[in-house]
């Protein structure tokens, strides 16, 4: 199994979720994160003084999938989350050695 | 070493932490996440209009442990976090190649 | 490629980010987490009753890097985040099998 | 409880005060009334800042919370200055029966000592200014999360002068509606009908929020809205009971029926939700409260406790029904229901004033010679005239504003949220 | 806008009011006093909405923040309607020395023009209504995070009629305690002792929160509680100084001692925490403030500055001690310390009124013929009677409510939080 | 403070009011005026609690939000008690032209019935107390996020007695500045100049926040600051119009010009930001509001609508400029701009009062015999004396405080945030 960890723009979350569901992905987990990269945070000005906001709000989507689904999932995320603008984010893939559904104790791909 | 990444119900956090501590786990890291899966989010109604909340609040617990402890940790989490209801969550396991305690520079299992 | 996952004290975030940037790291992702470990949370007292706060606020920094950079990155984080006090945190390293930049579709080390 | 006390100690310090009030009467300025109208002025400003700003801010998404507050705050400031320069004159200058004219521009002819009735005209001016402030701020609920800030200011400024000030003149400034005998104690026509009708039209001309109607996010902070609602309630005491312009029996009854209508409509809304959805919500009960208050407003000086209860019930039912109507049937994104709550409430209350104002329903009595039927006719003319005028000029002003600066921000800015994209700041850095 | 109206319809609905104002004048309507009681009414309502709602809401967990606000808001609405229908009559009808009777049901016999002392009776009615609102809302602090919403409403409605209204009649409505000469200026017995005693019993019958006492989570938003506390302080000026029912020397001194007692008790609580734990907390200082205010309430019309200080010190010390007592010794989950702060404060203040009300301690003097000792006896009778009555009827009402709808929500609903499970909304979507 | 004024200029703009007040004096207590000053007292306390506390709390980082509230709350309590014990006497005792003396210590000689003008002296005392409360609380903006809590309290207590009380005596208590004829209606010198000058010096002696000036974090909750700002605006009606000590024509005009200056300065600040940065911010507009209010304060009883507008414009411009000056040129971390906004505003307003107070600029007229030039001289003396005294004693008090308990918390505590490290609680457990 693979963990696909996608860092995307917050405004793309709903579209990504829908596209993945259409693909048959059964579940995913989302966290609010802050990103630092080529895209710079905005500058806020308070009472004339500049405050540099270093970080940009991003959403991290974690999806554990069975190996054969990997390419389709990556491709789907890429196509939906892409706006051709700096800061669209990244997709990282990690190996998952085990998965278990807490409710049933099922393991492996059945747990997803 | 292994990273055990458990997605559980928020109300189970304290029980899981206690059970793991009893087991001898020395540390863990917790984040607030939102889950999407078989369990659907609630529908909220404002002024007669329905708002579908797609995501359900979940807690993600990350525990890095030495290989031999893996089974006991998984089993403990499962037994404590289980309510037999949809949405109890998942346990994923990933390989950790290196660990270091920042304070001392210790590495490997000593760092945990 | 490697995912370096560093759990550090919130007050060290800016220093770590700057040191990594100086090192040439192009991007990173940050989340607010709560840690449990040797360092205990504070006790808060309300109207004479004690409330034990089990968890301590921590920052988790995720950096995906190319293999050769690993040692320098770890060493840099360690030296900057270290205060010699309990609770300085951990650095974990995981293997990343694939990376993609959403905007361009670049993969591998080019995506970082 | 001094009242009880009085029974115990028979000699009291109040006698001199009594004599004093005789003297005051001779000298015309009534200090008790002045004290109450000064207080009411503070209360009505409090309704907008921070009351209404919070009520609305809690209902939008967190990325637009500051922009809504900014709308209310900046409109309040702009209107204040315009009111001094020309607004007050347009509304309360002698003028003719349609328009107040320019005689009181920049308060000319009004000195510190000038009285209006038995209170200083400066106090009357400031009290009225707080009404002029809240009315365009009500319309903010029609366009949050998408309208250009420059357009907001241009629209609101013009609207004050072309809609609010004239209608105020007609109803309270000695204009044709008041000559005809229309009853509008505290602003069912002047405030709620004008704002409600204009909001509906503006919302439809501006277009909906990006995800309307499916895909909307729930209110980001209902508790903030509750704080705002509670402040509106408190402030409404100044709005309605202050409109008596005296600390007298009229003010007393106005406050009583205002309170009762608010409480009743809140309960009605709560029960509807409880029965229909099984979950009575905080947003629901406070929306009912606003509906009750808007509905009682025009009638608050004329009806008795029975009228308060009945108007509360009807206000709650009608506005609840109207919310659904606008959203589902008309599909207009009057985002925070300005028309359904204020417009419908204000209009209903204006009509109901002629019913529950009658002595037979426990009211203080209709104008001499009027019957419920005849008065209902006059009230209807008031409603129709006010609504038509509001729609016509709102249409013109929106077209004009659109031509000058455009109405909507870009979709990217909407996605980012107006707080950051327009105002360069974010609401919560927790 | 009466002013304009006057110029236009020389004979109109307002005629009665006009004539009336002549009569009132003759019959002594005092506009300064009326202005102050109108203002005080707004201030006291402000204490509950949003004051108390925020004070309590900040102390619970974030998943129950809206439910606490909803409790306060819906109880306020329900009580308002009940007060009009029968509550006021039960409390302030002539009746007999135990019960006010039904003569003033739905304000029958009270017209717009009726005076109560030198202010309109409508104003007295509304002012008193705000006291009737806050008292059951205080009890909300005993049962948050676990009580069924239907049970909350049924309990509160019955409690108003069976506990609050009768005791009010005894003390302020000409009943037996007032005949006996009990001193309770602004509600130590009527408000704080009734609410405090009932809260303790209700909490123990309802059972504790799921994680009581270990495993409790700290207040989710102390800043919100601070806002509420500050509003309580401000509003309390209307509560105590408004209870003079006049803008006179009594009101002046009442406001002064109220303020001083609040400030003193706040400092006392802060110092205790500083010394005991090394950390003076915001929650601590505002709790001290409430303790000081509750304690000075019954005494506020009788004592001088020295009394204010002493009552502040004693109120702070006693309530601090009581909080620990209830939690550790009695193990009752009176969650937000209603009894320890309001009950103990109100009772202590009622007793202390007879001490610091005496001229020898700088007070305004006890009732004619009374000594500190004799008055202390009367005050004690008042306390015992009020507490016993409150306990007895609270017991019956809780049993009844429990039989009709049950008291507690399920454990699952508690875990999920009442905001979502009962009201279908969430507090913070940031 | 008209009361003091009366003794000084026998023929002035205030004459009608004067005559009036003579009559009132004969007739003793005026209930209308008393009602208004009671109300104003509540309004001014509302400015500090929760107004100012929220305004400041929203501007700091979330880990220090409670500590700022705690500063305001605890200073308010401490000052209240000190004011009763000696502060009032220092300020308003007969004394000599420099110092009020000890005659009114613990209100000795003042009974419930004692009048001050035509209102109870207890009311005058409490009204003045609310001014004494807010002034040291303003200084909180100079030292948040780093000052020791014990040092905060010691500094504030001493400052009240050694800076605030004496200057108040000079200006309003019959001291040398009032004898000289200085015009300061509601506290440009007494409140804003003292607080502003002291804040600047204290900030520079205390040292900057850890990350000043680069590395600062933006305000954690601008909406909270907006709530506070709106409450300041409302409360300022009591501050300025209440300073007429009567519900009369003076109060009416004071409220009007106060409002107009606030609105104008808000718009000015908004426009500057819009033009300079393209983003008009909520923090900006509310800062402008405070600047306008601080600037109009000393002039509010003397100027007309034109003066209100002009003072609003000048206040906005000057304070905006001063904010940049202090931060960039002086590099002093007066963190929330107390000097730039209050100090500069208060001083500018004091000087401008002599210009726009003149009849030629629509004002009510300068004191008899004074020309704009001569009065400007007197005002300047007032400014210089007030500022020098404030600086000198602030220096001494800071040195003393530093010697007793030290000024700053440790860097570790700063990093952790004062909420947890000093007060043992956290602001948001969402």
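Letters A, B, C, D, E and F mark the chains in the order given here, with residues in each chain numbered from 1 onward.
Everything below uses one rule, namely that a contact is a pair of C-beta atoms (placed from the backbone, for glycine too) under 8 Å apart; a residue touches a chain by one contact, two chains touch by 3 or more.
This is a predicted model, so every value here is computed, not measured.
Common partners of subunit A and subunit F, by the touch rule above, are C, D. Chains touching both subunit C and subunit F: A, E.
The two chains most heavily joined by C-beta contacts are D-E.
Centre-to-centre spacing of subunit A and subunit E amounts to 52 Å, using the average Cα coordinate of each chain.
Here the spacing of subunit B and subunit E, counted between their Cα centres, is 46 Å.
Separation between the centroids of subunit A and subunit C, computed from CA atoms only, is 18 Å.
Subunit F has residues 29-33, 35-36, 39, 113, 217-219, 227, 247, 277, 279, 281, 283, 424-426, 428, 430 in contact with two or more other chains. For subunit A, the set of residues touching two or more other chains reads 14, 31, 44-46, 94-95. Chain contacts in this assembly follow no simple pattern; the graph is neither a line, a ring, a star nor complete.
Contact between chains, using the touch rule, shows up for A-B, A-C, A-D, A-F, B-C, B-D, B-E, C-E, C-F, D-E, D-F, E-F.
Listed in rising order, the residues of subunit C touching subunit E in the complex are 44-49, 51, 53. Across the interface of their complex, subunit B is touched by residues 2, 6-8, 31-38, 54-55, 58, 60, 74, 77-78, 81-95 of subunit C.
Subunit E makes touch with subunit C in their complex at residues 213, 216-219, 273, 276-277, 279, 281, 283-284, 287, 320, 323-324, 327, 337. Contacts from subunit F toward subunit C in the complex involve residues 215, 415-416, 420, 424-426. Listed in rising order, the residues of subunit A touching subunit D in the complex are 11, 14, 42, 44-46.
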